[in-house]
Amino acid sequence: MSQSPQSLLCPDAFLSPLEIDDAVTRALAEDLGRAGDVTSIATIPADTQAHAIVIARKAGVMSGLPLVAAAFKKLAPETGIRAHARDGVSVAAKTALMDVVGPARAVLAAERVALNLLGHLSGVATATHEFVRRVEGTRTRICCTRKTTPGLRALEKYAVRCGGGFNHRFGLDDAMLIKDNHIAVAGGIAAVLKRAKAAAGHLVKIEIEVDTLDQLREVLDVGLADAVLLDNMDAATMREAVEMVGGRFALEASGGITLDSIAEIAKTGVDYASSGWITHSAPNLDVALDIEM
Amino acid sequence: MSQSPQSLLCPDAFLSPLEIDDAVTRALAEDLGRAGDVTSIATIPADTQAHAIVIARKAGVMSGLPLVAAAFKKLAPETGIRAHARDGVSVAAKTALMDVVGPARAVLAAERVALNLLGHLSGVATATHEFVRRVEGTRTRICCTRKTTPGLRALEKYAVRCGGGFNHRFGLDDAMLIKDNHIAVAGGIAAVLKRAKAAAGHLVKIEIEVDTLDQLREVLDVGLADAVLLDNMDAATMREAVEMVGGRFALEASGGITLDSIAEIAKTGVDYASSGWITHSAPNLDVALDIEM
Amino acid sequence: MSQSPQSLLCPDAFLSPLEIDDAVTRALAEDLGRAGDVTSIATIPADTQAHAIVIARKAGVMSGLPLVAAAFKKLAPETGIRAHARDGVSVAAKTALMDVVGPARAVLAAERVALNLLGHLSGVATATHEFVRRVEGTRTRICCTRKTTPGLRALEKYAVRCGGGFNHRFGLDDAMLIKDNHIAVAGGIAAVLKRAKAAAGHLVKIEIEVDTLDQLREVLDVGLADAVLLDNMDAATMREAVEMVGGRFALEASGGITLDSIAEIAKTGVDYASSGWITHSAPNLDVALDIEM
Amino acid sequence: MSQSPQSLLCPDAFLSPLEIDDAVTRALAEDLGRAGDVTSIATIPADTQAHAIVIARKAGVMSGLPLVAAAFKKLAPETGIRAHARDGVSVAAKTALMDVVGPARAVLAAERVALNLLGHLSGVATATHEFVRRVEGTRTRICCTRKTTPGLRALEKYAVRCGGGFNHRFGLDDAMLIKDNHIAVAGGIAAVLKRAKAAAGHLVKIEIEVDTLDQLREVLDVGLADAVLLDNMDAATMREAVEMVGGRFALEASGGITLDSIAEIAKTGVDYASSGWITHSAPNLDVALDIEM
Amino acid sequence: MSQSPQSLLCPDAFLSPLEIDDAVTRALAEDLGRAGDVTSIATIPADTQAHAIVIARKAGVMSGLPLVAAAFKKLAPETGIRAHARDGVSVAAKTALMDVVGPARAVLAAERVALNLLGHLSGVATATHEFVRRVEGTRTRICCTRKTTPGLRALEKYAVRCGGGFNHRFGLDDAMLIKDNHIAVAGGIAAVLKRAKAAAGHLVKIEIEVDTLDQLREVLDVGLADAVLLDNMDAATMREAVEMVGGRFALEASGGITLDSIAEIAKTGVDYASSGWITHSAPNLDVALDIEM
Amino acid sequence: MSQSPQSLLCPDAFLSPLEIDDAVTRALAEDLGRAGDVTSIATIPADTQAHAIVIARKAGVMSGLPLVAAAFKKLAPETGIRAHARDGVSVAAKTALMDVVGPARAVLAAERVALNLLGHLSGVATATHEFVRRVEGTRTRICCTRKTTPGLRALEKYAVRCGGGFNHRFGLDDAMLIKDNHIAVAGGIAAVLKRAKAAAGHLVKIEIEVDTLDQLREVLDVGLADAVLLDNMDAATMREAVEMVGGRFALEASGGITLDSIAEIAKTGVDYASSGWITHSAPNLDVALDIEM
């Protein structure tokens, strides 16, 4: 019995079937071009069957297995899928992730697309998870930013969840994030927060970015924010900020957060530490396809 | 006088205006969502103008400036663009790349999309260029693979060219690359090459992947290939391969090529060294936007 | 000098130029079909010019004027637009809204699309505004729901803003709204709120729907919600709810809210009253085009 | 056995499977956004099953049931559908329309889209049917106009058919409708009809709009029209028009036709009475989903 | 001064700017692929300008010049267009049709797309015109069918108009055409015509296909058709049919109509002669581009 | 058991399932329009079943049968398909190609689309095959060009393969073809070939067009080309060219190649003869649908 792509999703995260179909179709179209897999057409008979095994060559956290299944089925709906892992799971190096049985030409034609999707998203999930492991036992949650690969935001945000991270805004539209330019134009922190609150509906949160504790104090005085982003502060200042705020709103550390610095940042007691690196610069996880025909 | 996106292209590489428009539209749609930049609508008057400067915080090779210009103009066609660099150029850290003058709300709404595109593609171009610099003075050319970020292949292949690299196949369809599975099914190297040659039109090149010098010798005997991919060979073996082939077809080194190993590989005399890393795992170049309103 | 569609937007609301272009293109394609305006091709010479005036036959609040301008320009870019109103403005019956000067065939071909867009969105804005006027002087804000016309959500949410209303969620994804089924599956209000809070990022608000004051009390005890939706309560119960909550989170009245009942509801002191009617059932505003050739 | 969306169509009307898929996909994408149903992901386990019942809260004529079925299946193909009604059928208030059995998360995620589609189209069908009932026993048929909700024309025209109405033109391209501007530019009724006839193929009908009986007489003299639209005439004048024409071509009453006036209009003997209101301003039919998990 | 694509349209026919943009974009994407014009990038400097002249090598009727202009401008908006002909005009062999001045790379990249569009549509227009010339002086009009090249219907129907022909149905939806299967299922000619009339709105024409004069007589008796298609009748039978009908409805000759037979058919007095050949099998008109750089 | 569209593909050629779905959807949308098959809705009950047989009226080579199957299944997935031929096969006149059993309305609605696709592509395959038959026993292969019908390139290139032909470039991007303008701008044959070689990756072939044997000699001297296109040469000159080249690279004859001249050209010993006519001007193959209900 073949498994459906949906059944391989991480249970704590959302990825729409529309998005899966769209991403897979787009990637296949890009790779097949106009003439398709000219090599396999020339060298492999149309009726040859293949048994392929998707493998994680390196250890990591899985993300993208539903897309892998969907890619193979898109080119040959009769392809059988049996998965040995699902998204969100950590696997060791050299783990067999999925058996794929179908027409050899279709398996070969979908191979690179499947691996590119799985390698990219598992790369994001694995990078996220490395941060997450370093903050275990603290109150700090790792979250992503809007610094994502253009066109892949929903997929990468999903991968962050697979890795145990939390999602920041998905776009400019699902929360307010007030930055220095907004403050400057509005005429200060009090003014900008009042404008923001007056415009925001009751389901829109307001976060404001501050560079100094003085600014943070002003936000505390005005009191209309749901969260404050501490921009490029050192750990000592962050610790002070945490004390000042006393849980009245969420504190997010941002700017130059690395695997080296994250543990110390988490010790300051901030609620969130956000990293653009996990989405825009995480290296691919090394995945491969072993094929027998 | 505002500059057109097209005028900022790398002169040695192609990126279609259709692709530019498509990538920018898709990325903007993803970031604007349904409600748009709720923060700026709430805090910045509709008629406020902004002057923004796109900056490279770190040194690197530019790729994506036409997309940056297109992103700003897409949201406000009246935006003025004056660029101080174009794609394919190396810039020092802290270089001002482009002045952007337009409605503040539109500038802020396009900011992240513009930076994500520029940071990603310049990351690829810069990574490519680092490899290219290490092979200067040798006959070896750096080239990319099909291990690209799903949905971004044309853009990333363009970025590779901006960085001085060469492009391998754009997809499964523009050349034949015969791998172990094809050889096995067809019944050996001679058989697979004959099948391939019989099917290929006169404008389709044939490359075949070999693991050993014995296989290479067989290819030399059959003589129907345009290029041979040396898969995961050490430098000594590659050197031998170069001698054996004596320029009769192109030799491509592939597998585990890193910045550390590339110089030694180039010394073997191979024609091409291909790297998936430069497209699937190159870190973003750090770029930013300074805004005055 | 012709005006740009963007310049006619309501300054307090967002509508993306991508959305404008998409909505207009889709509507024009739907009306032009494959053969276009066969009547005008047959009866009006290609070089005839037209001067048209967009008119509000009935009083109302404008929404959709940028789309009107975009529709005419889409079919003939040389068309001149001079607007006498912009979105968000209330106009009297028989107000001239916009002069349009261009090729007669193009003006006639775009007429119905322009009027359908303007009539529909101004209908929503006007309906919203009637509710807004009835709550003036109270703390209650009028907001919309997800009961919108399929395919037109971003446009209708914009129209609600034009009418002075606030926006509720734009989709399932930009805030949590916990309903009876969620409560039942999770095993009660405390359990569901804890699950929700554990999963929500720091920029996602949580609203929970309650039917009774007992449920409301439980929410107050648990304390993890940002807002509570009072489902189908009578005014007396709502008043009690307002007292119980004492401003600790936002209260939204929902269910059967009409122009007749809204004033009384607003007197209860709830923060929001939400209406599906203003988006799914508001009648078109009567708008027309007077044409001289 | 689950039923297919197609099997729920009104047998006398057409709605393409392409259109169904397109409308449902578009509406789901709009509601799911980038992050999907964050509430259900957080609070309902991935393997929870739901049994939902689609209900008409108010009496009305069904339109949109195939779209309801398609929406649930789109998010989870394994969802079981058992319908108790089909499009075109009148149901009483509180009628159970369809049983839906599937994964709870998918059922909840598709709920609003399904109800918005069904409520909107059944609203149009029900409004149409109210007009149709008032003209029963007369020769007058109720028909729609091009005053439809932008982007929903094919769906709304289908809903009109479900309600027992007839369709006017689907667009500018499937028949000629000559209005005052065409007459003026062409230099009078005789001239415009000759031009129209000369250009029209043999499968394109020609209708002309007249304001007065004098104009109608002129049309009768020229004799090239298939139908005449009587624009804003009172019932007495219409009756005279009917006599004058004596069945030589179809007569359509248009302008300000309401539920109050329609019976009197029908008594005049006109062949068609057209109403924009039934498509652009019909209120939603009240439909709901009862869910058990 | 550069001319707009729209200004080159045939004045008696419609082609939407949306359709022009769509067709040109699609064809360019198909030809540029992912890597674009690799030859010109390699061999022609980015700043080289070109002056190209579009030429009709053979005599014919023009159709597609607006698409030619749009193709060049799509790749380089600054391209200057000066046309010496417009669609619908007959030109001699070796006529210069249009001067194009722009960046050499863009001109070369758009060349084949422009010529393919112009050659195909002018081929249809020219084939149509050859039929039209042979029926001059008779009452017979040449018209097309639904036997068009998939995906190009609107363009080819436009080309038929450019050639002086008339358009039959654009699709299944804009008129009824009753064929033998419909008659058989409905239980005869009288029954099928009654069903059709009962379902058709007042702007939908009804045509019925007959094979024999007996069937034609039955149609005359029933009297609900607007047109009759005479299927594969010889000229003598057609002449009899014309007499029988006496102008009471339009008669269309169909089936095996060729340039050899058309004159004789026209002499029978039928109103229309329809040909699938002019759209599905007309050879390309020979057009070329002369370029100077 | 119903057959899948994929199973009807020509085994030596590629056509992506994405392309099949896209082509069929686009063609159906074009034919169904907004109102669908109004004739069948009016005259054929919804539950009538049909048995249809796809027939080749004339002898020819099949291409497009997978699209035929896909078209019927797209409108009614339950439709049963039993094929008696597959693409690439030659059939005699009056051959039954496929049995189709499904809902009558769906079968009739998809009929014209199915036949248009099959007739067009089989026309291309049949025309190609006529050339191929005339060169049997020679070394000459027939190939296509980029002179294809806009929007149908992948389909037509596939049809050429079905007919036994070879594919030239699929677009501007998959090989270099140097023409007179490139030579002129670069400053001669040697210069242009060096530029091309310097820019081309190792999997991009270079072909150069020559008009004279002097030019050919120059290409031989420079030696960087993979193929040479002999433009409009007579047979004697071609024969000389073949001798001069002595197999060092592929020779392609191009320009004015017809069924009359092809045999003589093949005798010259050229490797390829390319024809635009087989894609842009091949007449439709006559195919039909016999239906029983």
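Going by the order they are written in, the chains are A, B, C, D, E and F; count residues from 1 in each one.
Just so we're on the same page, a contact is a pair of C-beta atoms (placed from the backbone, for glycine too) under 8 Å apart; a residue touches a chain by one contact, two chains touch by 3 or more.
Remember, predicted model here, so these are calculated numbers, not experimental data.
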Subject >> Both-way neighbours, i.e. chains that touch subunit F and touch subunit A >> reply: B, C, D, E
Subject >> Set of chains whose contacts include both subunit E and subunit C >> reply: A, B, D, F
Original post:
Which chain pair shares more contacting C-beta pairs: B-D, or A-B?
Top reply: A-B
Original post:
Which chain has its C-alpha centroid at the greatest distance from the C-alpha centroid of subunit E?
Top reply: A
**OP:** Could you please state the distance in Å, as a whole number, between where the Cα atoms of subunit B are centred and where those of subunit C are centred?
**Re:** 43
Original post:
Hey, how far is the Cα centre of subunit C from the one of subunit F, in Å?
Top reply: 51
Original post:
Roughly how many whole angstrom separate the Cα centroids of subunit D and subunit E?
Top reply: 32
Original post:
In subunit F, which residues are in touch with two or more of the other chains?
Top reply: 12, 14, 30, 32-38, 41, 45, 153-154, 167, 170-171, 173-175, 177, 199, 204
**OP:** Would you identify the shape of the chain contact graph, picking one of line, ring, star, complete or other?
**Re:** complete
Original post:
Contact residues on subunit E for subunit F in the complex?
Top reply: 23, 26-27, 30-45, 48, 50, 104, 108-109, 112-113, 115-117, 119-120, 123, 146-154, 170-179, 181-182, 184-186, 192, 195-196, 198-200, 204, 276-277, 280-281, 283-284, 291, 293
Subject >> Of all residues in subunit B, those that touch subunit C in their complex >> reply: 25, 28-29, 32-38, 41, 45-46, 74-78
Subject >> Residues of subunit B defined as touching subunit F within the complex >> reply: 12, 14, 141, 143, 166-170, 173-175, 177, 199, 201-205, 207, 226-227, 250, 252, 271-272
**OP:** Please name which positions on subunit A make contact with subunit E in the complex.
**Re:** 30, 33-34
Original post:
subunit E touches which residues of subunit B in the complex?
Top reply: 4, 6, 9, 11-18, 153-154, 157, 167, 170-171, 174
